Structures are given as structure tokens and as C-alpha cells.
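Each chain gets a letter, A, B, C and D, in the order it is written, and its residues are counted from 1.
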């Protein structure tokens, strides 16, 4: 591990490119960075409106396209959640909603938020925008494929939304799409709805594979001179590991979608045992519904980390920049990200403790699951230890980060409940689970997204967002979301099962009516509060304060482009040369409280820089 | 500053909410006290960590808020601290895991004297079958299920003749006697769940799944379906009546066996034929 | 292929080399073309797709209470009036391995910039692939004729047909896509796109014989998958 | 990429090695076919099938796909994820057996 930082010692060649040091008595060789291995990338520059803004090959534009489309689907998901909460909190006001509608909304809300919103936003949006900038590349390595990736996603979203308008409506089988009910009468949308869902998922996977290959190869093979893996900002590490997970986990989703479509369309029996329905035995036989669950969760659990890891990475950078302090234990953070990613392939059946699978699996999966808690806890410690003795700017970005820590720790702890097989038995399939995963992979990543929007908006648009509106937005979202999900755990303790269209005719559940009204009210307010952000964005685009270069005084490369916002090709004439990691904040002896990544060692020779 | 105070109030509010909440689990009515205990243990350890982490964060917010000219500490790594934290966390996690695994071991191993109950689920309802005097449940097939044979029992199987059929969604259980719930479903996934008993398991079409518990409190409980099974999911309820030994046996006496059902069926047919002849 | 020479960096062999490659700047896979790295990662992802298919098949077959049809009877072919087990499958395996061999040689001649040889070998590979697809079509139609359907078959467990058509179909799709690309690349080789570095049709990337190796990786992967299908589906 | 090309030109492999591997693949395929021909059963069949399968797969990957000559950084990145598949396979073997057990052991004949 320690060798990661010593690669300079390996290089002993002399070079003509050596830059002479500015400090006196400094050996000029100390700034040497070996020459480029790969010739400069040849880029296709768009000329017309279409090639510049629509079918554009610039990763930054593609990132913004991904961001906008994912946000659009996210808003649809939000509206669906309002409708659900209306039914749960105020059923008499939701007279127009039948149980069919409710289950369709539940399903589409879940699928949209997990796959089409969070995954697409983090990897497609932030990944595309930030990876080339942060690793010092001119663009993604395959810009054309990258463009196709976005349009594939576009089509996938189109197919998904089309399912609202087909006969029978969208599928209402829960976002887990468990067969047999997903494709049988008795579940809404078991005809066209489920087929379109499978098609849309397959398209998403294909499109994502194209994008994912780009992200991986750009990070691995197209870094700029001096940019080692251990100098990458943690954002890139998070997105990188998440992309690896996606590349290896989405195949399982693809396969299960294909097999389920065949069960539906051709009458095969992969997941379908002998079934008696309305007094008639169906033409199925011999299949195993649990097989689907294994395949689904072999995808589904890594999917959780596909959403969480980019959030981990981004929040690490935000906390570091805004506490003016290096991220504490960078190497531990990297290893934790990689370790969590690797382990996430060995824990999938903790979603299935009470599914009727081989009961002995409980021992294996409880153990592997709780092992994951260790690296995750280390990350939490390192975030708060970064705050310790920092110089914390209490701006909007930092508020989102603190909100993330609170919600993530809360959700992480309840994860230990559910991962520990015995504790899961009474709590699984209750509102405790809903509260847990919304806290840990809904609200917590959302906090990071918002923080990232406030942080990088100046880079993307050249203007600052309004701090005042931002703070209102934060407090409304954080307090509202927390008061939705914290009490919800207690519904789970009572034993209220999830996916109940209405629930209060049981004696011990009637007590919770008041709580549900409260939760629903909070949900409406939180949703409405998001329009503050939209207003803020629209307003700031027009009259926001010009950001200038590097407004946050950050170190990482994306702030060091010659023009803000960066142009196609990012770096102008010359690619940047990297000399240090991205976290040299508040170095003793340095003039400023930050030393950007391109600063050569000779310029900071009088400071106490420990790591490069 | 304000931010720190609000965050503190949030944490304080969470703790107070937990202490004063009127919403907490129902009184337990089975032997799975150990599940509640593991939850309680996890709650105290986890809750402690949550509060500690958040208070530390709030302290940092108060103590280290931005001051012009002040420099943050520069300390990339602290190997010793990181090692201590790793090991402490590992220990804590192991301490939580161990009881979990022990209880799970009890959960998957059913006591020998447990009464087997065939719980049959469909969209959207329940019915039950108890073994007769021989203590064995007769074999079944889905294709045999019809109005005359609601459980699809194979007629040739001698074990099935004395099976007690309960074509109602309410089952009676004997107090302080373990039961092994054998779940089967004829269509989609279901889950036979009584919150007071804590335990649950999915009913999966195509296979039999099981779990066990020992009811230890006389009373009536509601059965909920806890695995999404289509539009009627929320309405798929049933009932359990835990009774003393005497009451239970009285109730059992009144129930119909499979041979009773066949006899009755034959009688009806016989009568119908007789009527037709007349 | 073998260790490249990189200015200013001494490459070490073995695990030490792995550590220093990983720790170095710019690239992790030293001297590996972007497209080649991409193809490898894609194949890794595709491996997971086929693994999921085969694992499902294994799970399905292991848990069916109905007798699984005996593949060596089902796939037997009458040669001179005698049923020979797996005859067609054996020939298909032979054809696919042959095409894999020609592909490997095409890559070699490509790197030696032997345009003619490379082009003919790529073309031969394409024809091999085409033969394979043709034989697979023959096998499918024979089975369909015998009453094997995705949802049922006369020999035993209905899952047999489901998994057979799905897995060989998915593999066959891969082969067909490969054949199309092989023909395109054969044209590009003969047209000299890789000798004069002509840019791609959609991209700004310059043509290079490394593209033959990238295509070769895909083609060998298809062969590799067949090895597993042959073992698990036909021999088990 | 210019450099890459230069380097690879100078280090292509002798044709003999490809022909050898090619031949070996034919022989191994023939052997695995013979496993079926002679109708070996049980453990012997399984170990032979798996042995020839992995040997063939290994030869294709190592020589036709050049992994033998690639640097370990690439080789390791490609091979480590296979542990996840191995774990999946192992657990699904257990799960398949358990499903069959729960279909035969209880009163639910063949899961029908």
C-alpha cells in the first residue's frame, strides 16, 4: 500500500521536459513527471445545434443531458410518492385511487427512483461530467459510444413511461417484480405493463454498459500525466467502483428480465411452478420463483452500492473542501470503497431471509453482511474525523453533507438490524424496511446529490446558486425527510406490513393513524420544497453571482480548466500535469489554505507537505 | 451555530421519541423472546453509536466553524487511531452477530414434538390442515384440488384419510405446544405472519417452506399476509386462536376429517341419485 | 501482448509489475489499447450474463423432480442408419474451434501487417461462424420437428426446451453478431483501412490492426462460451 | 497508440504455438466427446468433463486471447470477479438441492 505513493522512485530517467524549480537550492528533477504514454485524443467538435447540444459527443453535455432526464423521471417518481402518501395518510381524500393504482404507483416509484433516477444521475450525470475533468482527460475515451449510451437511456425512459398508457397500465408487482404474481392476473399491469418494464430495463442495461465501459476505461487508461490512482479524488473512486459493480451486476438483471419475458410471452416455466388460479391449473410447471429472487438480488444488492458508493465518494470531497482539511485516512477510504464494492457480491440473499430459501444460507449471509458494516463504519468515522479540527465553512454544501452523515448513520444502523438474520425475521416486509432503505439509499444519497449540485453548479454554469434559498431548501428537506422516515421505523416495530393499500382495521394498527397523517403531510412539504431548488437554479442562471475560477478554493482538477465553464476538450492547449493528491488543504507553511493538484513540489518545498 | 443547535435538537428529539413513543412492538405471545432481546441489544448498541457519532459531529460544528485566518490541522493519516477504530467496530459487530446466529440456529431447527400444520395460501385467503391420529399429513397435489377435495389430498394415500381439514381462515393452536408451520401456496408468494409471534416465512408456490414457534399466551390474533401477492394483498387476513389444552381438544373434536368430507360427499351424491331415480 | 516499452518507465514482471502498474500514473494496463481494454471489460460483463444463464439452468435442472431428458439421446444424429450421440454437436464444436484458430492466426498476421493473409483468415473465420450458425439452425429445426418447444418437450422436464432454446439462442445471437462484424472487418482489412490509419465510420479513432485483435477477443470469447455450453448442456 | 503498435509488431509470436494450441483444442474436444461416447457416469464423468472444460477454456484464454502474455494487472482484473461467480454457483448448487428436497420430502408431491 505504501508503495502507491512511491512510484516516483521507480522513475529514474532524465527528461527534457523537466521544469526548473522556483525555490532556491531545489533540484530541478523533483518536478519531473514522465512523458505521456498515449498521444492526444482526437475529438469530434460539433458544428450545428444538433451535433453540439442534441447528439453531442462531449461528455459534459452528455452529463447534463443525463442529469436533466434523470431529474425529470425523478420528479415523476416524486409525484407518484405523493399519490401513495395521500392514500396512506388521507384515504378519504384519495377516493379516486383504487388498489390497482396504488400498487402501480408503488412499483413505478421504486423502479424510477432506484434505477432511472439515482443510478442514472450519479453515474450518467456526475460520472460523465466529472470523470474526464477530474482525471485530466479531454473527454471520455469513446465519445460516440457515450452519446449512444445517453440516447439508449432516453429510449429506456420512453418505454418505461409508455407503460402508463398501455391497456392495463404499468406493472404493479412491486419494484422487485417477483414472479409468479408479476405475470399473473391479479396483479395490475401483468400484461403489457410487465413486458414494457422488462424491455425498458434491458435497454437501460445495454445503454448503461456503453456508458460504463467509457467511465472505466477513462479512469483506468486515460489519466493525465502524474495522475496515479491514489491521487484521484474520492468522487472518482466512488463512481469507478460503482461502475464496476454495475457492469457485473446488471447482467443478472438482464438475464432475469429476459427469462421473465419468456415466461410471460412464450409460456416457459423458468420461474413458474404448477399454479392453480381461479379453479384452473395453468400451463406452467416445475419452475422456481426463488431462482428469480436470487438473480434479482444478485443484481439488487450491488445496485444499492451503485447508488451509495458515488455518494460516499462525492460527500468525502465536499466535506474535505468545505472543512478546508484533507480527507482523513484517504487510503482507508479508498480501500473501504473497494472492499464494500467487492463484498457486495457476497451478501445478496440477506434480502431473502424469510423467502423460503435454504435456511442454512442465513448463517453465511448474516456473517458476510455484518462484515460490510466494518468498512462502512470506517468511512463514517473518517468523515467526522475530517471535520475534527477543520475550519468548517457552514455553507449550504456543508449543511447537505452534515445532513447526509445524520441520515446515513441512522440508515446504516438500521441496516445492521436487517442484516442480522434473526432481527430481520420480525422486521422484514414491514415499514421498518421501508424506513431503512429510504433513509440509507433514498435520503442520504439525495442529500449528497443536492450538496453536489450546490458545489458544482458554479463549474457547470459559471454562476453561484443563492445561499439563502439553499439554506431554506436544505432545512425543509432535511427536517421534513427525517420526520418522514424516523417515525416510520416504529410502524415497522408495531408490525405493519409494507405494500398495504390500507391497513387500519387491525386493533394494534389503528393507533398509528395519526402518525401516518403526520408522515404524509411531511412528505407533501418535502416534495414541495424541491421546487425551491428549481426556482433557485432558474433564478441563479439569470442573475446569480458570477462564480469566477475556483470559487470554493478547491484542489481537484475540475476547477483548474482555463475557462469556466470548461469548453469541449476541457484543457485548452496543454493537458494538466498532476503532482499531488487532491487534498492538500491547510498545509502548514503554505501561503494559501489549499495547494492545487498541479502545483509542482518545487513551489511548496518550504511547506510540510506529507503526501503527494 | 444555528445549524448545530438544530442538528442537536434533531438528535435529542429522536432519543425522546424513542423513549416516549406510544408506537412500539405488540406484546409478544410466543417463545421468540430471544428475537426481541437481539433487537433490543442491537438497538442499544446501534443507537449509542448513532448518538455518539452525531454528537461528535455537532461538537465539531460548534468548535471548528470557519474563522478567517485560522488554519485547519494537517494530518493525512493516523494509523493507530484507524486501527483502534477498526478493531473496536469489528468487535462490536461480532457481538451483535453472535446472538443473531445463535437464535437463527434455534429458528431453523424445529423441536421434535411440534405439531405440523399445513397452511395453504391462495389469492387471497388461507386454510389449514392438521394431521389426524397418525400424526402424519397426507400427500397432496395441486391438480387434485377441487370443491370436493379442497386441499388436493391424494385419495390413495392412507395418511390423508384422517387429516383434519379447517376450511376457515382461523386456526386454533394449543398453548405452550410448539407448532411447525408448513407453508404452501397454490399461486403466488404469500407470507403467514402474526406480529405477536414475531416469526414469519414466505409461502412459495412449488415448494414447502417452514418455520416454527410456540404460542404461550392465550388469546386471539390476526394473521397478515406479509409478502406482496397482488391487488388483494392488504385484505388477505386470517386469524389464530391460542387456547388452553382442554379448549383446543374440544375444538379439534368438532372438526371434520378428510374421510368425513368424502363420506358426506358420497352421501349427497347418493341422495341426489336417489332423488333422480324417484 | 508482450510487455510494451514505455518511455521513462521500467516495467517489472509478475506481481511486482502488477503493483507498480497499478500505482503508476496515466494507465493501469500498460500498452493496452483503449479499445482492447474496453473489449476485455465488456467480455467480463458478458461472462456474467452467460454465467447467470448457466447458473439458472443448473439450478433449474437440479431442482426439477421430473426426469431430465438424456442429451446424448436427444442430440443423437443418424449417420448411415446408426444413431451417433452428439454427432452434430461434435461437428459444431470442431467448426467453432477451427474458426477460433483462423482468428488467432489473423491477429498474428495483422500485427505483422500482412494485409492479404490477415484478410483471408478473417474471411475464413467469418465463413466458419456462418457454418456454425447454419448448423445450429439445422439443429433447432430438427428438435422443433421432434416436438421440442420452449414450453414442453416429449422427452421429460419442460425446462429442458426452455433452457436449451434460450441459452443456445443467446449464444447463437453472439455468433451471428460476430459473423456480421467479421465480414465488415474483412472488408476493412482488404480495403487497407488498417494500413493507412483511416478513421472509423462513426468515430475519430484511427484504424489499426489492434482492431483485429479486439474482434478476435470477442470471437474467442464466443468459442469459450461454447466450451462451457458443450460441457454443461450436452455432456452433463 | 502509435507506440503500442510499434511494440506489438516486434513481438508477435511464432506460428507454431498457435498451431500447437489449435491441435490441443481438437484433441481435448475429442476426449470430452469420448467421455460421452463411453458413457462414463457419476463422479468420473463429472471430473473428466470439468477437467477438459477448464483445460480448453484455459488454453483459449491464455494463448488465443493472449492472456498468458498480458501483464498481471490486466489478468488479475479479469480473473478476480470470477470468485463472485464461483460463490454464486456454489450457493445455487446448495439451493437447487434444497428446492428438490423440499419438493420431495414433504407432502407436496413434486411441487405440483
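Methods note: contacts are C-beta pairs under 8 Å (C-beta built on N, C-alpha and C of every residue); 3 or more make two chains touch, one makes a residue touch a chain.
Note that this is a predicted model, so its numbers are computed, not measured.
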{"item": "Winner on C-beta contact pairs when A-B is weighed against C-D", "value": "A-B"}
{"item": "Chain whose mean Cα position lies farthest from chain C", "value": "B"}
{"item": "Geometric centre distance via CA averages, chain C-chain A, whole Å", "value": "33"}
{"item": "Where chain C and chain D are represented by their mean Cα positions, the distance between them in whole Å", "value": "13"}
{"item": "Geometric centre distance via CA averages, chain D-chain B, whole Å", "value": "42"}
{"item": "Residues of chain A whose C-beta touches two or more other chains", "value": "37-38, 248, 273-274, 285-288, 290-291, 294, 298, 360"}
{"item": "Interface hub residues of chain D, defined as touching at least two other chains", "value": "1, 3, 81, 88, 92, 95, 99, 103, 111-112"}
{"item": "Junction residues of chain C - those touching two or more other chains", "value": "6-7, 22, 28-32, 34, 37, 44, 48, 51, 59-60, 63-66, 206"}
{"item": "Complete list of chain pairs which touch one another", "value": "A-B, A-C, A-D, B-D, C-D"}
{"item": "Chain A residues within the chain B interface of the complex", "value": "99-100, 103, 172-174, 178, 180-181, 184, 186-188, 273-277, 279, 281, 286-290, 323-326, 328-332, 354-356, 359-360, 362-363, 366-367, 370-371, 373-374, 377-378, 380-381, 384-385, 387-394, 399, 402, 405-406, 409-410, 413-414, 416-417, 420-423, 425-430, 475, 479, 482, 486-487, 490-491, 493-495, 497-503, 506-508, 511-512, 515, 583, 585-588, 593, 608, 610-611"}
{"item": "Chain D to chain A touching residues, read off their complex", "value": "1-3, 81, 84, 87-88, 91-92, 94-95, 98-99, 111-112"}
{"item": "Of chain B, residues touching chain D in the complex", "value": "118, 137-143, 154, 182, 184, 206-209"}
{"item": "Complex contact set, residues of chain C against chain A", "value": "6-10, 19-20, 22-32, 34-35, 37-38, 41-42, 44-46, 48-49, 51-53, 56, 59-60, 63-66, 150-151, 157-159, 161-163, 166, 170, 202-206"}
{"item": "Residue numbers on chain C that touch chain D, as the complex places them", "value": "1-7, 11, 14-15, 17-18, 21-22, 28-34, 37, 40, 44, 47-48, 51, 55, 58-66, 72, 85-86, 90, 93-94, 97, 100-101, 103-105, 108, 111-113, 206, 208-210, 213, 216-217, 220-221, 223-224, 227-228, 230-231, 234-236"}
